[in-house]
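Next come two complexes built around subunit A: one with subunit B, the other with subunit C.
On to the complex of A and B.
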């Protein structure tokens, strides 16, 4: 499987920020880290159905906008209560200014 | 052998504390005591999703039996504590048994403030527990006439939920407007307008003279001699902290169990946290407050656990709460009433943030409202600025094209 999907352009996201990307009935969050790398995770917090893209990115962490559940968006690791289930991550690459994510799994 | 840690109260705060003891490496006995028959569950959904979901809504459990087993935490449901023997360091149960403790946490929460006029009525309800929520939910039927006494968060969230279920809703508030406590007028007005668009009748500056049951419904007589009939009255006029155990044990109380910045009561082996405790807020000159908020319960539960283990960490958090009504989300960080000047920042989709500044220019609070979680990020950034006692340039706060995050670096 090699289904890379174009999510946005690199310029759509500021450094240390996040945006929402919906595709085929699913929702994702695309991140641009302070050191200018891109990452992707499932779009909803694992605690309640809250869109993480409304949350705040600080360094490697995305914080849920509602309950302050924190995840490392690079690894998906949940950082403690109220979140205890890790976030699924997806491979990302940037080609010709476009951000592509791989949804094969 | 260590007597162990005992937590009284199995809401958000107590449950969090029990698990935080383990997360911080404690391996002695941990006992969590709950009065309800349920596993610990989250209360915020009770006025919202629990009321509006199509199917019978399950309680949103904080921790399941497997997690208690895995962490070796003893959870006692349906258990009433009769008293605390501070000399012997023992908790006495209603059935005559007792349990020794090294450190004790009171996370006893709060209960709805009762309305004396409603004492004899069979058609009046209060919301605190999951069981309360199921009973109210069953009465939120299409066409049902629901009167809500109290235009606070519980009352307004229930009003929104009752409308979603198709009930006719009237909210009665004795004060001049809804959400008098802790919410600025501009935001309260926006919420009131949204309710009125949905057909909710909001009547402020109105008192209740009598509540009289009839055969199948109830009449509410108002102080202006009007009256209205309802199928159900829900009363949401605030909460009172549960302090009876603390008082019986001669711990200091005053609108809550008095604690120091480490959440210790006047007995240093007994801690109190969450809705039941009155604690000093360092950021506001040690002003003593009691907060009834989910995040505070969680943070204080965690902090109490760490301090029960001797870490001696002070409470430093900025108060924060949210409310959801219809598609609108409200968030407040800090104590808005500490501000003397307000700066408004407008966001997309009609969302806006109010920044509350003290006389010396310090940012003391921010409140915001908008669709969904549209204000969340800016409120979170404002919370960080409040925590740093920052004095941001008011012109920057008002300019929505200047990212708030850039002010953090200043």
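On to the complex of A and C.
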């Protein structure tokens, strides 16, 4: 089953930044790391209903814009209070300049 | 117009208004934000160590010098000004350092944030675990009755309590009671509403460490037969509290509650440079609540960027009190009264579907 979904183009996201991607009633966050790799996680903080795409990317950390909850966006690991629950991550690949995420995981 | 409602507000975090806030969607609601281009917001949120290292060196360095002079001059009248200044840095500047480092925005380097956070929490007598979580709730549900654990002046205002807190009396008393209770291993039902279970043991551990520090200080004071050790540790939370209460009351005092727009429930006040240093720029309070991840040193830039969308700031602390104190007095007669902040013509209007006719009537 081909469940790779086109989220955006690679040029849509600056290095060390994040953007929001909504699909089929769900929201995701797509990241571009400082070393030009792409990653994807659920779009909402596991602490409260806040879009991570409004937050700050620092190296491999995404920081929630509301309460300073920090996750490793590459692994989804919660890095301490006020976030206690890990973030779900999704496989990402880039083909012909398009960023695709696999949502069946 | 005085349109008193028959039922008073219930500020308990496990009470009637708490439940109502959840049912009506006021709890964990989506709040208004001024539009700021992503590129600008990233620049504003960018972390630096430099400003906070400089300010912390000035803060703690000044405390060492002032305390030293106070100790040398102890027993003479000349020690008083040094202890007064030391007290403000201990009992008031610690409030803003606790706050900013709790947000994790003061420093770029994480351990520096954490270290200053722990020091400031001790001085201001706020358990670093409890208050990290309570402040998260304050930002989620700012001045939502029954949800926000940090409402400084509840309605109708208890003005006697407010006056006592200029000397830290009630806050310190509650902090000591909480510390002793936590030190015995008890976390209250209200604390459990905002502190996750896996974090609660840390509350107890910190309370026991602090209890040991205060016990040693008291033993030294008794042994030396002098109050001097307590003038350096503990008592400055009382005699130096006035500045953080003076500035902190302005944050939300007399403004709307149960709204989801920080322009209605928070106040930005222009202040003198000394107060801004002690307060770490939290006088830009609408801006801070709207974008809490913008560091204190970037708040003046954020203010300049979005002030077209915000109510006009109060031009001084005195001006803020001139509008806030009469509002408190009015709320003694009608607790639904509040100051409705007018927006400039360049601003996006309030969402009246959330802040409707009844609220407007109470403000008039």
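In the analysis below, the second predicted complex is superposed on the first by the 103 of 105 C-alpha atoms of A that agree within 3 Å, B and C clash if a C-alpha of one lies under 4 Å from a C-alpha of the other, contacts with A are read in each partner's own complex, and residues count from 1 in each chain.
One rule holds in what follows: contacts are C-beta pairs under 8 Å (C-beta built on N, C-alpha and C of every residue); 3 or more make two chains touch, one makes a residue touch a chain.
Just so it is clear, the model here is predicted, and its values are computed rather than measured.
With subunit A as the common reference for superposition, the partners subunit B and subunit C occupy clashing space. When both complexes are overlaid on chain A, the residue A:15 reaches neither subunit B nor subunit C.
Once the two complexes are laid over each other on the shared chain, residue contacts for A:49 go to subunit C alone; subunit B is not touched.
Contact with both subunit B and subunit C is seen for A:82 once the two complexes are overlaid on the shared chain.
When the shared chain is aligned, subunit B and subunit C each come close enough to touch A:66.
By the touch criterion stated above, A:37 is placed in contact with neither subunit B nor subunit C. Once the two complexes are overlaid on chain A, the subunit A residues touched by subunit B in the first and by subunit C in the second are 54-56, 63, 65-68, 81-82. Residues 28, 30, 38, 41-42, 45-47, 102-105, 129, 132-133, 136, 139-140, 196, 198-199, 291-293 of subunit C touch subunit A in their complex. Listed in rising order, the residues of subunit B touching subunit A in the complex are 16, 19-20, 23, 62, 294-295, 298, 302, 322, 372-374, 376-377, 380-381, 403, 405.
Listing the residues of subunit A that touch subunit C in their complex gives 17, 47-49, 54-56, 58, 63-68, 70, 81-82, 84. Residues 14, 16, 50-51, 54-56, 63, 65-68, 80-82 of subunit A touch subunit B in their complex.
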